[in-house]
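Shared chain: chain A. Partners: chain B in the first complex, chain C in the second.
So, the complex of A and B:
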């Protein structure tokens, strides 16, 4: 309680301003088709490095919530989801806009997003500490087991091929080994290049893999398409009423809970959550046949689940240090850069910062709601920005963001290399999440693996002798078998 | 194993993305194979540690080898074609992206000599044209305004020292 009071006393006008700024940037990033939440956070990360940790946390959490909501704006107005997780919103949202109810659809998306975010924040507060208390008993072997399991789950869940996920994860692990050995401090795979002695900077990897590769993907459309003006539907003046919002209370609540628990699962992500919640809302509805024709229930379910993922994904990240998706992987990088190592020790060593994250999540929902109500016309105009203007500007931000970490142009070349790698992987329909999460988790997994061996006197059986670790490794094998079996079954039926 | 010397599945439009995964798997396999001697050469061994610093990079390399080999064989079993020529046709099909990368590299190299401001003020209008924007005057205005805002934000607020012109000035 004292810590909470300390945090509340630390909430100043300035850090709330940064939270609002982050939410504002997040909404814009989410609303722009082609700019994903992960790309938005990756582009904001360099700026956050120059802020005090509390300001940076608030900015990034605000951006996360904002980006998850922002995707609905373009989904409703131009039938192009700004984020993958807003795809389900487009089913009914765009139809509502076509029926002249764009204002109501946008209003419901906003209120449902914020409510879903609040629901997940409450669940995060309840779950994270309990999970962290459990995991405080974990040693290096157990952590290694958790990381192996998380990587396997992410590789299996992401995309249609587990093998592609595993190949990407192996490449991510390899990229993470460049630099100094975490135990002995000797050089590894630096090829005598001085700039590689600290390894690849996280930002050059994040920005390259997410932002630059996306720009290269967009170039496939050709200059003519990128320069086409966006055709927007008119945003009608009708607004959502409280009665309409209240009529969806159970739908929003259930969808928010679905979103949160889907978010807790590593690798599943917002799009699955919103589609699951949409399907559940349709199943429970008295008029399921109307779903897809432009009813408010569909928008409410998809958006509440979509933002519910935010709090859910933070549960394993904060409690175990395991990022559940790419956005939380980038957040792990940001937290580490600010001296906060996610995991159970965060709760004992930096409890004030944990409370700060909780407060940020709750405040960011409020900020998104207020920003949405005030600046919706502006966000609608931003959706109209031509990609031919937007993407070159994003490219300059990529360069500046990458350069700013170490004031080193070498990092920009590294960013290009990872951009090319990300582009090739995307062309072949590889998911980027296993690569990024392996890159982020790799050093920790190695450190825990080697610490476990050192503690046990180089006894490899220690991983099987410890019951929790053995269970986790057994679960890994079971999940590999399950995903391989499922993949084969899907291919046979296709 | 079916070898094809002609490009396969390369079409314009949406089919442009369809490729034989086996080609990429082979490239990854070869990359990982090449990394084995590189790992031995460029990882300093260390005495007195239970696990050598070599262990983890080698494990990642072997995992990459094994998974890419399995994926390659699975791809062939599923009826995908193996067309090494796809590498070259792939490079040609993605020439726009490669030109973009070349522009990006030139931009960063130029930045080292002429400074961030000059390089960006020249390069951003070029990129606007490259991405299809054809209103030249508006493009110049947007470029100048955007570069100025970014420069001021990062150099004055975040105190980042951008590369400056070798002859002095910005």
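So, the complex of A and C:
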């Protein structure tokens, strides 16, 4: 009873106000390509230093959930994931928008995000300590296992030509090698350009390969199509129905759980979670070949997973004092600046603050849902704007967004280069998804592979000797079998 | 002739007035402080606490721009190439003299001059609580008896924690029987130690203070010249016979070509900001050990860092 009272005392009017404010800022930040969730929180951080701790926490956690949802908006509307974790959402979401179902896609993204967030909040509250202890069992070898498992998704998104898909993936891996060798520190493929010392900035690659190449493709349609006046269609039919949402309940639940678990692992975040969830949804589905053509399953899986990461990432932060991803790392800084020290003693010494965090997590899902529903019709209308007006705006947004990551103009040139690459790939009917998956997950897989070997003294058997890693590798084989062989057999016989 | 003298006298006065007018004119617009690290990180936070209320002292707001990359070199190069009018200054760490030694960057350490040192952070070498050694000597014995088994984590090749950790390892003479394991930041490193995948971690104390308090981890030694306030019972490596003294300092820099009056102005004002009770309180909450040095002293610190790093980087094998 006391606990319940303590929990309820955290729901004050001002707290909720700041929460909603944070969520709103988060949604905007997440939607704008170039402003990642971590940057949104980093931007809010100095402001939060002036606020008392409870308001600051409410604002930042609201912003966290909002940003993870916000990324889906631009992913769906303009094929530019606003955050790396929304990359998988773009696969199906943008196709849905092209098929005139932008409202459904946005609605699914919103409801899946909020549900995923709630699922991870519940798991956090019930299982924090257990999960934290489980998470530290994951060392480099186990991380490698997860990455390889997620990489098998490439086989699933190759489209018609497995060969072309693998070539695209190889290009992604090549692009990922540019930069500092993660173990020895030497430059790789930087050609002396020291802006490339840290490799290609992830957002430059995303925005270039997705958005810019899309703009270039659209330009081919010619002046007549682009100047078609804004259609004032009746928008009311284009929205998600409760039945459609309910049909995805298992998908959302499983994806949310996957997202939570991936979030628990320090250093792994939204993009890995959404790729894994997408792959798993496709594997489980009765119609896997439809993934990528624009079905709500893809959007639901990706969005539920990436909001699932929010609650999951807080597990190691609260239980061990170790942030679970980039955003929680900033949150730790914010908490410390407010005199809260996340760590194993938090539960015993500052339980009230823990309750406040729980409350803000759950309420933020609700806040995002309500804000999203209010603004959804507005977002949908963006799709209907005359293309000759919309595209230049998107173009400017891309440039500004890319620049804002490191305040470095070089990143914008990178973006143009990748835009060209994406355009060429599409002209020759290569899929972009394998490229991006390999680019994002490749470096993680490499780093962990090499670290695992380094720790074991170059003993390759270490991957099979460690039980968790061996299990993950076995699952990888199953996944490869399914994606590469069975689904193609099904397609051929269909 | 007399006319010439009068005119030249008048001109000189005008020039002198002009010079002081220039100085009195500064600052006319907000001052940009470049932080060459990722937004939200430790260095960014430490820089941010300088900004609230800075307008009172400087006359103009102090704005922070994060330009991360290349271990701090991108931001430093930006400031080195910016106009030398005092409106673009740098907040940096031990990485400033280190980066040019490790790779090709766009500036030389000598181009910078210190304005004010803000902090001096010692690092620690920490292990899991159940590790079979409690101090440096026992660690050395264990490492030598089990070659190849001792591994230690740091947040990235060339980072100050890498350097500081290597400093300790080299002083203990066990570099050949141990290996360093770069991680993506301190957090995965702590997780690796807790899970038993890696033996030790080179970290700043605040990141693992709660784990130590809870009894999950223990600190073997402090890399620095005095014990940490929070850990009065843990000796430094020097006390234990292995002089590992490299600490990671942070502070404000500007290019040496910025006019002297502006540099003096900045030095004065930053000294005031740092001495102010509001800043001290924010710094205390952040957990940053405050060490102040003025412009001259801090420049000396910078150059000493350059010397120390030249040697150490060669020893670790990172020199370009």
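Methods note: the second predicted complex is superposed on the first by the 262 of 494 C-alpha atoms of A that agree within 3 Å, B and C clash if a C-alpha of one lies under 4 Å from a C-alpha of the other, contacts with A are read in each partner's own complex, and residues count from 1 in each chain.
In this section, a contact is a pair of C-beta atoms (placed from the backbone, for glycine too) under 8 Å apart; a residue touches a chain by one contact, two chains touch by 3 or more.
Everything quoted here is computed from the prediction, not taken from an experiment.
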Which superposed partner A:454 touches (first chain B, second chain C, both, neither): both
First (chain B), second (chain C), both or neither touched by A:238: neither
Touched partner set for A:322, first chain B, second chain C, both or neither: second
First, second, both or neither for A:38, with chain B first and chain C second: second
Touching partner for A:406 - first (chain B), second (chain C), both, neither: second
Which superposed partner A:465 touches (first chain B, second chain C, both, neither): neither
Which superposed partner A:170 touches (first chain B, second chain C, both, neither): first
First, second, both or neither for A:188, with chain B first and chain C second: first
Chain B/chain C common contact set on chain A: 50, 181, 183-184, 187, 192, 407, 454, 457
Chain C contact footprint on chain A (complex, rising order): 38-39, 41-43, 45-46, 49-50, 135-141, 180-185, 187, 192, 194-195, 197-198, 266-267, 316, 320-324, 326, 329-330, 333, 336-339, 341-346, 406-408, 447, 451, 454-455, 457
Residues on chain B engaged by chain A in the complex (per definition of touch): 16-17, 19, 21, 24-25, 28, 32, 35, 38-39, 42-46, 49-51, 53, 56-57, 59-61, 63-64, 67-68, 70-71, 74, 78, 94, 96-97, 100-101, 104-105, 107-108, 111-112, 116, 120, 124, 127-128, 130-134, 139, 142, 146-147, 150, 154, 157-163
Complex interface listing, chain C residues touching chain A: 39-42, 44-45, 48-49, 51-52, 64-71, 73-74, 77, 102-106, 148, 151, 157-158, 179, 181-185, 187-188, 190-192, 194-198, 206-211, 213-214, 216, 282, 285-287, 318
Residue ranges of chain A in contact with chain B within the complex: 47, 50, 161, 163-164, 166-167, 169-171, 173-174, 176-177, 181, 183-184, 186-192, 212, 215-216, 219-220, 222-227, 386-389, 391-393, 395-397, 399-400, 403-404, 407, 409, 412-413, 416, 419-420, 423-424, 427-429, 442, 446, 449-450, 453-454, 457-458, 491
